[in-house]
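Consider the two complexes below, in which chain A is the common component and chain B and chain C are the respective partners.
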Partner chain A sequence: MELRNVRRSFGGTEVLRGISLDVPDGSFTSLLGPSGCGKSTTLRIMAGLDRPDSGQVLMNGEEVSDRSATARNIAMVFQSYALYPHLTVAQNMALPLTMRELSRWQRLPLVGGLHGGTRQTRRAIQARVAAMAAMLDLTDLLGRKPGQLSGGQQQRVAVGRALIREPSVFLLDEPLSNLDAKLRTQMRAELSALHTRTGRSFVYVTHDQTEAISMSDQVALMLEGRIAQIGPPRTLYETPQSRAVAAFIGDHPINLVPVSLAPGQASGAFARCRPIGLTTPRTVVIGLRPEHLYLDPAGPLEGRLVGAEYLGAETVLTLKVAEDVEIRAVAPGDVTPPAPDSPLRLGFAPEHVHVFDADGGERLDLSLERAAA
Partner chain B sequence: MKRSVTGTDTLALVGLLLGAAVVLLPFVWMVSLSLKPADEIFTRGVDLLPSRLEWQNYVDAFTQVDLARYLMNGVIVCGGILVFQTLFAVPCAFALAHRRFVGRQVIFGLVLAGLLVPFHVTAIPIFLGLAELRLINTYTALIAPFVASVFGIFLFRQFMARLPADLFDAARVDGLSETAIVWRIAFPLAMPAATAFAVFSVTAHWNDLFWPLIVVTDPDLATPPRGIVFFRDAEAGDNVGPLMAAAVIVTAPLIAGFLLAQRTFTRGIAAGGLRG
Partner chain C sequence: MMGGARAWREGLTTLWLVGPATLAMTVLIFVPVALVAMLSFTDYQFGARTFNWIGLQNFADMVSSPLGRRAIVNTLIYAAVVIPFSIILALLVALGLHRLARRAGWLSNTLRAVYFLPVAATLVAMAIAWQMLLHPTIGPVNTALVALGLPRQDWLSDRGLVLYTLAAIGIWQSVGYNMVLFLAGLSAIPASLYEAATVDGAERPWERFWTVTWPMLGPTTLFVTVITATTAFRVFETVATLTKGGPAFASDTLVYALYREGFVYFKAGYASAITVVFFIFVLLFTALKFRVLESRVHYR
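Showing the complex of A and B:
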């Protein structure tokens, strides 16, 4: 499935500003972004529930913008699960098959039975529902109504209803956001396993970077209606293409410090550092992840401790390295932080330094290293 | 949880009981008269209870006029009206609640405006139209004018607007056509509204005397209230006992139906946004 330069506006507001996205067959692709970035709209366009104003939606190279979700053979799991409250679990899961495999007349309550083959088809559908229920551990719940199920069970029914058609693309819209933290971790593993087992393409919309990073082959980070960066999770974390991407990705917010650089000389908090690869002086923003800073008595970054936040496995230290510049660093939890206001030094590796243009925010092929004494 | 009955509660309760008594009195009187022997009906005193039960009134009600036939007509007419009203109102309501199209607001506005127009305003043009089509004295004349119910559209649309849109998107993804969504998903979920609407519709048309009196003169097509009128026209003069018995028989199905559907009915009204 592929999107080419898809645009969509709602009443004058441009929600999608040219989305191009390739979902390789069998991949697990995440659309990650804050709320309102257009990721759900993108998913709806992929599902055929919405149409792009311009641009193309391609499946196997064919334009499918005008086709319904069924014609595209796409299935979707909704954030609210959207189970039919008046149908049992079995009926919920059977409905997509009933609609596809029985004709209009065969579906009629009494008349349908007159048509030869209706009963066999119905029996085949029942068998597939039973098999899907067994796979998702729902066998005991087939006779229940959705209202009688827990959140996790409803979630599994929604997945079952979507998977039963054996769709070519499987879309999930924030499917875990209504579950509690523990169940979420468990469902994450189940969804990953399901992806491996079915081998279908999954497109997963989420605002939770942990979900996106832990499950995906590729993550498309969407910001303000554009794809800010697309690539394997590791690439997004290690080489963010812009300041905005760097700021979004990472459990601990990245430290972003504006600095003017000249060949051989950095300024401000980084005065003890030397730029690598710089030819002409320029103003940049240095990005350093808290988890890449370590306490080092000989480190180039010097500051005073303003705060220490103990989190069990780790301690987040906040240092004031210059007037108006605070930097956060993550130290292991067993480190006893020094008294407030005591001077500390931090070190970092040059490969962990991200340098962005101060105006445009795009990544620059530069780094910093400690200046020799 | 129990709570203590306060002074205001008692006052309210007494008020409600009085109100109920006032409303119930004519019914009690009707039932009482229907069971009184003919000589007791026109006595000067007011006796709420008959001295002996006169079941002959009920036998007369069925034998003097063709009451069974009228009841049957009532079922056909009310059933026909309800089926067609539902058939038209539910898809309309779904479209107004969950589809985006040009003029949706205007059409909904028209529906609301339609609620304000009493049927009697349009009765004469409709009668003339039916006369022109030579449909007077047919079931069609009794049913057709009511098949499009703005009240039904309004009630269903208010109820459906509260159903989550995701549900219908899910159905679209599952391969249901818009028609299938209406009847397989939206309609079953709107059952409380449907029940409420059915009670309103059946009560109104079962009890309606105005329209059958205008379009039907053939006794074979008379609806129950129209049929009761035949007692007065009967040559025997005012035959109050059997008349009241017939009235009881005609009212009973409605009361039974309402009692059966009571809970869903109130739920439908509450959810339909008709409550204050």
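Showing the complex of A and C:
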């Protein structure tokens, strides 16, 4: 499945500003972004529930913008699960199959039975429902109505209903957001396993970067109706292409410090550092992840401790390194933080330094290293 | 004994909250109902100083006399016509207006008000308009029929027709109310269910209706049915203003018979028996609602 320069506006507001995205066969692609970035709209356009104003939607190289969701043979899991409350679990999962494999007349009660193949088809459908239920651990619940199930069970039924007719693409719209934290971790693993087992293309919309990073082959980070960066999770984390991407990705918010650089000399908090690869002076923003800063008595960053937040496995230290500049660093949890206001020094590796243009925010091929004493 | 004092206070609060309503219900509803039930076993007449217990004689009279049977059968026929037609028409109108609301909101709202007008208007006043419309010689309905080359009809004085004319007016009156209820039910159906249905292959309007709309409207439809049924069983105003139960009792109904026996002939005992029969009809319907259907439409 592929999107080419897809645009979509709602009442004068441009929600998608030219989305181009390739979902390779069998991949697990996440659309990650804050609410309102257009990720759900993108998914709905892929599903055929919405149409792009311009641009192309391709499946196996064919334009499908005008085809309905049914004709595209996609499956979708909705945030609210959207199970049919009047049908049992088994009937919910069977519905896509009865819709596709039985004709209008065969679906009618009583009359349908008169048609020769109806009974056989129904039996085949039941067998597939039973197999799917076994795979998702729903066998005991087949006779229940959705209202009698827990959130996690409803979630599994929704997944089962989507998977049962072997769709070409499997779309998931924030499927875990209504579950509690523990169940979410468990379902994350189950979905990953399901992806491996089925080998289908998954497109997964989420605002939770942990979900996106832990499950995906590729993550498309969407910001304000554009794809800010697309690539494997590791690439997004290690080489963010812009300041905005760096700010979004990462459990701990990245430190972003504006600095003036001249060849051989940095300024302000980074006065003890030397730029690598710089030829002409320029103003930049230095990005350093808190988890990449470590306590080092000989480190180039010097500051006073203003706060320490103990989190069990780790301690987040906040240092004031210059007037108006605070930097957060993550130390292991067993480090006893020094008294407030005591001077501390931090070190970092040059490969962990991200340098962005101060105006446009794009990534610059520069780094910082410690200046020789 | 702090706990005891506290429980006593809470009990007092409960009594305060429940007491007045219970008292009012008892004095204004339960006692009169019991009195009516009691009177239905007597030959009491209004103003009389004495009465005799006559057992089930009133009920036997009602069932054995052609007039009593007529009233019962007429009421049942009236309800059997009004209930399905009113519900189906209201559902169709609601579906149409619901769809229209997305494309032309103002038109949908205007039509909604128009359909609701008969509910808001006084039926007695509207009956005058109907009498004009249905007038055998100068009424527009017959004029239209003649223009189409069809024979004119005596809508309100033909024995075979009058009950159905009244039923049509009953439908006209209740469609608006039912439509409003259906519209509320329709707007409560989550859009994601329709989207799921589309993804699952229910694409045609008919398939979407059977997969999502109709089952999701279950509770609304049940409520509408019960409301329509009780209103239909209670039909009175149109009968009283347009036909007075005539011609020859062809449009006599339970409540009109009750009015005639009780307030024209002052036969309180007999009128009470009619009331009890009427009450049983409504009670049966309500019991049906709670016992049989309630659990089926809420999907638990």
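In this section, the second predicted complex is superposed on the first by the 373 of 373 C-alpha atoms of A that agree within 3 Å, B and C clash if a C-alpha of one lies under 4 Å from a C-alpha of the other, contacts with A are read in each partner's own complex, and residues count from 1 in each chain.
In the analysis below, contacts are C-beta pairs under 8 Å (C-beta built on N, C-alpha and C of every residue); 3 or more make two chains touch, one makes a residue touch a chain.
Remember, it's a predicted structure, so these values are computed and weren't measured experimentally.
Engineer: Overlaying on chain A: chain B and chain C, fit or clash?
Structural biologist: After superposition on chain A, which the two structures share, chain B runs into chain C.
Engineer: Could you look at A:84 and tell me whether it touches chain B, chain C, both or neither (first, second, both, neither)?
Structural biologist: It touches chain B and chain C both.
Engineer: If we overlay the two complexes on their shared chain A, which of chain B and chain C does A:161 touch? Say first, second, both or neither.
Structural biologist: In the superposed model, A:161 contacts both chain B and chain C.
Engineer: Please work out whether A:148 is in contact with chain B alone, chain C alone, both, or neither, and reply first, second, both or neither.
Structural biologist: The second partner, chain C, only.
Engineer: Who does A:100 touch here: chain B (first), chain C (second), both, or neither?
Structural biologist: Both partners, chain B and chain C.
Engineer: With the two complexes superposed on chain A, say which partner A:49 touches: chain B (first), chain C (second), both, or neither.
Structural biologist: Both: A:49 reaches chain B and chain C.
Engineer: Touch check for A:68: first (chain B), second (chain C), both, or neither?
Structural biologist: Touch status of A:68: both partners.
Engineer: Return the residues of chain A at which the contacts from chain B and from chain C coincide.
Structural biologist: Common interface on chain A, chain B vs chain C: 47-49, 68-70, 74-76, 78-80, 82-86, 95-96, 99-100, 161-162.
Engineer: Going by the contact rule at the top, pick out the chain B residues touching chain A in the complex.
Structural biologist: 164, 166-167, 169-176, 180, 184-185, 188-189, 191
Engineer: For chain C, which residues count as touching chain A in their complex?
Structural biologist: 190, 192-193, 195-196, 198-203, 207, 211-212, 215-216, 218, 299-300
Engineer: Can you list the residues on chain A that touch chain C in the complex?
Structural biologist: 47-49, 68-70, 74-76, 78-80, 82-87, 95-96, 99-100, 104, 145-148, 161-162
Engineer: Can you name the residues of chain A that touch chain B in the complex?
Structural biologist: Going by the criterion above, the answer is residues 44, 47-49, 68-70, 74-76, 78-80, 82-86, 95-96, 99-100, 161-162, 165.
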